[in-house]
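Which chain is which? They are A, B, C and D, in the order written, and residues in each are numbered from 1.
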Amino acid sequence: MAASCTPPLRTAVLGCGAIASLAHLPSLSSNPRVVLRWLVDADPERVRRLAETYGVGRVSTRLEEALDDPQVDAVLVCLPNHLHAEVSIRALEAGKHVFCEKPAATRHEDVLRMQAASLEAGRRLCIGFHNRYDDDVSTVRERIRSGTLGRILHVHCAFREHRSIPGLGGPFTTSAISGGGVLLDWGVHFLDIAFHCTGIGSIRSASGVVSGGIGRDIGRYAYLDMWAGPPVVDGRFDVEDFAAGLVRTDGPPVSFIGAWAQNVADREMHIDFLGDRAGIRLFYGGGYTLFEAEGGILTDTRIRTRKADPRRRMMDAFVEACLAGSGHRCDIGDTLAVSLAVDRLYQSAQQGKEIDLC
Amino acid sequence: MAASCTPPLRTAVLGCGAIASLAHLPSLSSNPRVVLRWLVDADPERVRRLAETYGVGRVSTRLEEALDDPQVDAVLVCLPNHLHAEVSIRALEAGKHVFCEKPAATRHEDVLRMQAASLEAGRRLCIGFHNRYDDDVSTVRERIRSGTLGRILHVHCAFREHRSIPGLGGPFTTSAISGGGVLLDWGVHFLDIAFHCTGIGSIRSASGVVSGGIGRDIGRYAYLDMWAGPPVVDGRFDVEDFAAGLVRTDGPPVSFIGAWAQNVADREMHIDFLGDRAGIRLFYGGGYTLFEAEGGILTDTRIRTRKADPRRRMMDAFVEACLAGSGHRCDIGDTLAVSLAVDRLYQSAQQGKEIDLC
Amino acid sequence: MAASCTPPLRTAVLGCGAIASLAHLPSLSSNPRVVLRWLVDADPERVRRLAETYGVGRVSTRLEEALDDPQVDAVLVCLPNHLHAEVSIRALEAGKHVFCEKPAATRHEDVLRMQAASLEAGRRLCIGFHNRYDDDVSTVRERIRSGTLGRILHVHCAFREHRSIPGLGGPFTTSAISGGGVLLDWGVHFLDIAFHCTGIGSIRSASGVVSGGIGRDIGRYAYLDMWAGPPVVDGRFDVEDFAAGLVRTDGPPVSFIGAWAQNVADREMHIDFLGDRAGIRLFYGGGYTLFEAEGGILTDTRIRTRKADPRRRMMDAFVEACLAGSGHRCDIGDTLAVSLAVDRLYQSAQQGKEIDLC
Amino acid sequence: MAASCTPPLRTAVLGCGAIASLAHLPSLSSNPRVVLRWLVDADPERVRRLAETYGVGRVSTRLEEALDDPQVDAVLVCLPNHLHAEVSIRALEAGKHVFCEKPAATRHEDVLRMQAASLEAGRRLCIGFHNRYDDDVSTVRERIRSGTLGRILHVHCAFREHRSIPGLGGPFTTSAISGGGVLLDWGVHFLDIAFHCTGIGSIRSASGVVSGGIGRDIGRYAYLDMWAGPPVVDGRFDVEDFAAGLVRTDGPPVSFIGAWAQNVADREMHIDFLGDRAGIRLFYGGGYTLFEAEGGILTDTRIRTRKADPRRRMMDAFVEACLAGSGHRCDIGDTLAVSLAVDRLYQSAQQGKEIDLC
């Protein structure tokens, strides 16, 4: 669909926070078909240090130069969520291929605008749903497709942690920057896995509830450790730390319950695929269990392997998608159902009723 | 509200299956303020044997004699679900107090007719929601009411078993007799506890899905043991063995996921009360854990006690309600919200959309 | 080895407590090759009621008549532990085949005397290690023998319950009657499974510790329910409720930790067979999990089936052993290693040092 | 007992591997009463980089210079286990205070020589049992001392991982360097906690078994990740990856079972303190649960807090012990019982019998 280009792929990384510095920069720098041309980040010290580590010649604290550089073939958008849509669209309009971290945008209409820009420009736009390149996810998807589970009756997603609000008071919990809390940050991955594995392509209704009762009193929040931390006591917390809901689809219905923080200590991070012949519980990031019941024997088989890093495989595939025009599992067009579901779940929560999409 | 009568309370037990013979007959026979006057059951051998054990003078295989006996003050309706409404109404019209096993009826309009008959006759009508007399449930309710948990943000019910379809192919799984599967049989108890403990009094919307994929192929169903069994291979299975949903209420939203059988082997039988200061996981029939987070310390306290039998306490309270006009936690008027929720959840599942009750 | 006899096998059941009335009487009464000739029990009411239920012609509260009856081919010794040896020996001397409940006796020298009496009389003597007829145990044994697990490096038995002292203050906890506590009551089964599955035939050393700290203060003991209960507040408690130890054998070493009661609430009832290629956790009475690690994949497979009742199969095999001289897995000669291990573990605990048997 | 010196404490760190670079260097460099004078490591590149990071003026790949420098007050021995004794003794003889990582040495007689050298030189010698500065360990110790648990009947240590052999084929698994496997590496910590919390001061007997069956075939070892890795396929593995045993003491008996790797996937990393009134399960590195049973109520209370880094607190206390002569919980004299226990457990395993120390 999109134009390919000549190797090496000349890239600019826009936003050099955790996801870029820990995952994408190592991947790109070790890919012989890539040249890292620009690193851009608001923090001049950080961007300089990373440029040194990875031998990148051009750094900036502003986006324009990299976006305007005709020698850039592709950009990675690793900026805060509220900037995803505008920066991606601008890069596409400048003729760049774009990899944008998830969520694509904070509102579904922006996602559609991003897709339109991609189509218009004839450039790739992939979204960072790295689980689609996770070996366990792929195996589960294959088992479902091949009929091992029979008909999938229901999918249930649990993404519940006791105390795991990220950077309380900072960008993650500031709605104007992040666009949402646990549903947008974690839920989108779980729903993506649910949809991807079962082939759900569209949604019929979305009914959701959200709340933000645990993180609200920042100074009082008790926790053991904090990712993306430490807490900013005078910061903002105006996103949800809890969400639950039910989505009807063109495939099986999907229910979910999730929490960055909740007052129940049992961690549940899994997706249950409930088939009429067998079932699978996929542990997020850590293997899966297949539940079978044949010939009067109940057999539960838990399988774990040392896996390839899914983010690296996703990034390598993006590079090939740009260079060779090959397929990519995270093309924006294939992520619309999840984006729409999340958007409508927020709408449902706000209106206090199910959103009907039929 | 209802007329009281002179001790002893003369009772007739209509239907002598498991619940009557294992729970209510022992309770009534050991209560000095009760006389067991009639036992009625379709199985003449069973009713004769039980009458001998408990020294009951009158037995029958038909309901009429007991209902027409002016010496009967109260009847227990322990018949299959599809008979609950008609028999209860007839007993009320004959001037009897009535204890009816749960669910009150298989359709909400029948429940309302039962309530109307009770009011008209000036006789008590209590439904067998015995968990309201369970010590743990009462303690949890009290902790919620006293503010230990802060504001309840959400309630989540899980009633999921791997292989626990009762009497597959028999009355439990025959819709014309039972009126429904796991939602009506188990879900009603879990929702009742959720509503009772948080004081939910009305519902605003109900969105549910159900399926019956595991029990359908009766001969193939693999299991370890079966309550209300054994399976009837040429019997019927036209109820749901799985249900999930979301109910909006005048209090916190309530989500649930339940299964008599599912292809995931992890048993989950609990109700999570998620407050903004603390939370409780109530294990169905077995204690609870309180999750607190004060002063930077995360404390989970699991509490279990040797409890009084809740069914016996419920029955003793029913006897006193009839004799002395005292209050009862299961008066039909206090169970309407649950009955309505279940009814609308089935309706939602059938129509494929949320039912709005605002 | 032992003389066979003509069907039907004419039997006397000596002691009609729980194990006889719930397990062995139903088995024997439904076996067409058995005639139940005598029931003997100290409780005249109980024995009369059981005789009526099972249509047994002769009852007694004393052992002599049944033992002296020449029409009795085989006796079941289901009496308290302290009577096992004397009654079994007397029955063997009277020419009867004997099935004796576990433990064979309370001291190993008595077990040897029992074996000698069996050999002398040319009559079968089987001990109630019913797990040897459990399907899961047999499967595990077969997997070990066939090499699935590689070399067994170690076996670890955990039989730890939070609150499960039986009949506190009664025969179970009175040393003069039971001969011991959790080690003799539960430990003997776990060690038996360990030895049986791995083919351990002799022991080299036994080092053990025991304590009785939880049940000692009978009136204060907190519990949820009690099997073989209720507590006898002015009864005795002079056995161990906790035991741990290490046994060196001609096969893999066996460690164990067990408790009828302990102040840790996590239930552990399993036997770990740790091989160098794979391992098995056998859940007592409930399936097993096979842990494999081949080709970089870690696979845990939990298997559960609806099993035949092992006690019934053991009893049926005993009947055939008497009638046809066929083999039996619980011949006393095959149980000596376990009996010796338990005896020496008690001795070790008392002396505060390991007992060397090399 | 030992001479104090004038601040700042001038230190040399001998060995700059993981424990030094991740824990002790950050601690020392942020302590205003410390001057880091020397870093020594066999890897010249590593030591140079660390010296730069922490602003240390003197680096070397040989020990002599730092040990001979009269301006050094204290040294940290963070070298492979087989060097602990000789280097510590040499440093003490040179008049330095010494902090030596655990285990003190690979044989107990070397530990005694280390202690003698400390006494002779009048210099402190502390061993890196950092758990003694862990808040949870201290709380548990206090609860035991104050009588909350009643009499401690038994202590059971479980340090069992499914796949956690460190650096398979490297120094950890080479006996000539490490001196031992899981018992010396992990077991020593668990026994130390057991002894420290209960006040065990001497041992009476030690009976142990060890095996090395999982790591032996290095190329075949299946795992998910490896700490101190990656595997060295042509390296050595001649230590134990499994150990179990029983230690009799002047206090409660202590049993243990531990594995760097085993073919059972359930992780168990805890120490059970079984008292006659209450019990505690201490999770290694992660909180504890208190089990109580009063007034018929069974209460399990799990407590977790955000803790101070125990290694930093241990190091700060060592600095003060050197400067001010204050007490330290890890003085070598207080660690002898654990060292002796481990030594005799290895001896017992080798000889196939219990070692008696009475």
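List of remarks:
Following the convention adopted for this analysis, a residue touches a chain if its C-beta (ideal position, glycine included) is under 8 Å from a C-beta of that chain, and two chains touch if they have at least 3 such contacts.
Worth saying up front: this structure is predicted, and the values here are computed from it rather than measured.
Chains that touch both chain A and chain C are the following: B, D. Ranked by how far their CA centres sit from the centre of chain A, the chains are topped by C. Chain A and chain B have Cα centroids separated by 43 Å. Work out the mean CA point of chain B and of chain D, and you get 57 Å between them.
Measuring from the averaged C-alpha position of chain B to that of chain C gives a distance of 41 Å.
Shown for chain B are the residues that touch two or more other chains, namely 223-224, 265, 296-298, 300, 302, 304-306. Taken as a graph of touching chains, this assembly is fully connected, with contact between every pair of chains.
Chain C contributes residues 223-225, 265, 302, 304-306 to its touches with chain B in the complex.
Of all residues in chain C, those touching chain D in their complex are 149-151, 153-154, 156, 162-163, 204-205, 207-209, 211, 213-214, 216, 221-224, 242, 244-246, 248, 253, 255, 257, 259, 262-266, 272, 274-279, 281, 289, 291-298, 300, 352-354, 356, 358. Across the complex, chain C is touched by residues 287, 296-306 of chain A.
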